[in-house]
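What follows is chain A paired twice: with chain B in the first complex and chain C in the second.
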Partner chain A sequence: MVEFSGIKEIIKPENLVYKKTNIMTENILSYCPGCGHGTAHRILAEIIDEEGLQSEAIGVSPVGCSVFLYYYLDIDWQEAAHGRAPAVATAIKRLFPEKFVFTYQGDGDLAAIGTAETIHACNRGENILIIFINNGIYGMTGGQMAPTTLPGMKSSTSPYGRDVKTMGYPLKMTDIVASLPGSYYVTRQSVHTPANVKKTKKAIRKAVNYQKLNKGTCLIEIVSNCPSGWKMTPVQSNKWMEENMFPYYPLGDLKTPEE
Partner chain B sequence: MAKIRGSIVVNVERCKGCEVCMVSCPTGTIAMAKDVNGKGYNYAFPANPELCIGCANCAMVCPDGVITVYKTKI
Partner chain C sequence: MEKELRLMKGNEAVAEAAIRAGVDGYFGYPITPQTEIIEYLMEANPAGTTGMIVLQAESEVAAINMVYGGAGCGKKVMTSSSSPGISLKQEGISYIAGAELPCLIVNVVRGGPGLGTIQPAQSDYFQSTKGGGHGDYHLIVLAPASVQEMADFVDLSFELAFKYRNPVMMLSDGAIGQMMEKVYLKPHKERSKTSPDWATTGKPTTRERNIITSLDLDSNRQELFNIKLLAKYDEIREKEVRFEEFQCEDAEYLLVAYGTSARVCQKSVQLAREQGIKAGLLRPITLFPFPTKRINELAGKVKGMLSVEMSAGQMIEDVLLSVNGKVPVYHFGRMGGIVTTPEEVVESLKSKFIGG
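Right after this comes the complex of A and B.
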């Protein structure tokens, strides 16, 4: 392993502040440089590690950029057909009620082809956690327009920008889920700055603990960037996301359980 | 007054050179190397190691889990 280190005298086990958790495998992530998926994976792995859920957790991986998620987290996985992750997770949770079951989906998976599955799983109040990565584009297939693409945003299938007259308005999936009686905890976060990473980690920890109560579906939307799909550098894309995505998808809790 | 000093270790072969850590570093410790790693990315490295305070901001935002952080009081 090639390493580059700072001051050697400080590098001792007792001074360790932060290290990649062992739940993350040594496989190199297949994502583009600067993609929010990697950060989201890492904090999810940290929560699973810190809550001691490695043998309890069963994940359902989607179709999309994060299709190879089962290579990166060392827990039990099930691959689902495109968009059908909440349906598969429903079955797993009903067969193994004591396990922690979650799905990890992108916006093309959850908000386009899997809209029906998502809404009905949340409406039934299945005791699963849905992690929803929203980057406003179909990243894996080359940056086509997704239901979550912003008005006027250019993509490879809307080269003059999304025209809301012919292509409709962006779908706020998280707001729809928050209005359903079956959902228990619904929040929207991001992972582009250290402060937001900490907030997202807190939200995931909360959701994991709510799952133990069996009160309903938890959904965490993570507004993320897609440097390759948006044709920007990672740092530019994070700035663009702050300026354009956040006004339309404001961060914060949409539904919190009444204490 | 005790001074807090930090140090980071970068796993060069995992780094994809996205520069997100460089932007999030409050002290300007991290810079991108002129050399490239095995995949052809300009990797991040502690260019000014004496400035590091071990805040772990870089490790928090790193999408690839490249950075390990150490901190001590001297």
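Right after this comes the complex of A and C.
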């Protein structure tokens, strides 16, 4: 075993600069190395902790890579059927209007099978937060084409690249949601650099406050990477995301409240 | 407090009974012949009185998932639909059964398959009593035969649903849903201000987090869960069988019928007896659990049984299993939305058992 010289001198409370957020459980994350989910979870957990929302929060987890989100954040959870999280969250929030209710969904869940639930919950202006992880692929089932897969992008069900003539175009669900009168705050962010992490965290905090004020649906899209599904290293995947995903899904606010 | 007497449709009676039972939320989507339920609730606007939430969803699929969400909060929530809409809800119902959530699903059955008709039928017996969605599960299924029972079974459904943490289906049909009868309404019950300890209410520091899910990737744990469900269904079979007998004491031939068919058969028993045929009627009130034991007992006393259903013969399978070969069992019923007449039932009884 390698003995690090002076390690005991370094591990001291006064030197602590980073620690596990209280809201994160001890469970080991099931995500692939370099995946954005872990960072997104961490930010969400930090907000819940910092805003004192543990006893207020009820989360709805999706079907997809983040299906076991309820293992990782120490709050009450409901695990929804594929795509139905906004419907589940609708009822929770209507019955418990004082609670902080959010969904966390991937692109297959939110923009394919759950299209109707997403659009109608946002159109009713349900007072919930939807966190939407868009990595342009079905990660959990092993890299199939998603509604958000880019034109020409290869996946196991578009092995020659997505041919938009037969497979349709990538769906910009966040743009659709922004066009609905019921949505209040709609933004597209990422978590691949410290600066972007800060921006995303700020966006979530804003959405939490809007929900307290009963403003309507807030949707935060996080454009993310999928090293395994894209068959790249984490570093390559982040570079590819910047060069290919961001031009199609530009970061920034799509709908901001007039304040 | 004195009960209130009203003249109402079955569908309206369910809606009014739901408000009075202290239901917390109704989530539905219009479909004939049950749309009066959501119309009545929207007009009554209970949000302003009891605080009950009434929401028209974008689809039956969304509605049943709203029920999942509300039930997961430990609230008394319900939905209603008719056959094609119930097919759409089956995915959600399977998740609700898998997460062991209490709720009420009202099915005002119409003829099928497909879009079928909008007239009354009983062709949803299989999809109600045998699971309906994927996986091994059962609903508790109550079959009202009157407007009064449609009202009364709302309360009973929630009592059973919460007792067993299991979804309950009220299996009505287009005739009972649409017909008007007098109904005694129960006094208003307060909505519960608390939720059961398993519900998602926001995690206080005093307990572990609550998770509502039907997922377990570990086969051994999933099997243990299946075994737990089976034990629950066995307990339900043991304790919750409900049925009604009509002139069975000296019966030589037994009609078995539920809902609208049971009303028809009551008249058939009378007509048959006028012709010297000793007929009786057993009306299952719970279709799951089925009155298997009682039908088996009666099989030792009668010469044969006729399962009368407005379907191609679905409940007959449970009658056959109950009789276990002791006496012959036949099916009679009209389909396509046609209500069987009492005379047709007597003719069928005669042709199958007596000849001529």
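Convention: the second predicted complex is superposed on the first by the 246 of 259 C-alpha atoms of A that agree within 3 Å, B and C clash if a C-alpha of one lies under 4 Å from a C-alpha of the other, contacts with A are read in each partner's own complex, and residues count from 1 in each chain.
Definition applied: contacts are C-beta pairs under 8 Å (C-beta built on N, C-alpha and C of every residue); 3 or more make two chains touch, one makes a residue touch a chain.
Predicted model, so just to flag it, every value in this text is computed and none were measured.
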Chain B versus chain C as contact partner of A:Y18, first or second or both or neither: first
First (chain B), second (chain C), both or neither touched by A:G182: neither
Which of chain B and chain C A:G161 touches, first, second, both or neither: neither
Which of chain B and chain C A:T90 touches, first, second, both or neither: second
Per-residue contact with chain A, leading partner among chain C and chain B: B
Overlapping contact positions on chain A, where the chain C interface meets the chain B interface: none
Chain B residues within the chain A interface of the complex: 5-14, 16-20, 23-24, 29, 33, 37, 41, 43, 45-46, 49-50, 52, 54, 56-57, 59-72
Complex contact set, residues of chain A against chain B: 1-8, 10-12, 15-20, 24, 28-29, 31-39, 42, 191-194, 197-198, 227, 233-235, 238
Interfacial residue positions of chain C with respect to chain A in the complex: 24-25, 27, 53, 55, 57-59, 61-63, 65-70, 72-73, 75, 77, 91-92, 95, 99, 200-205, 209-215
Chain C-touching residues of chain A, taken from the complex the two chains share: 54-58, 60, 67, 70, 74-81, 84, 87-92, 94-96, 99-100, 116-117, 119-120
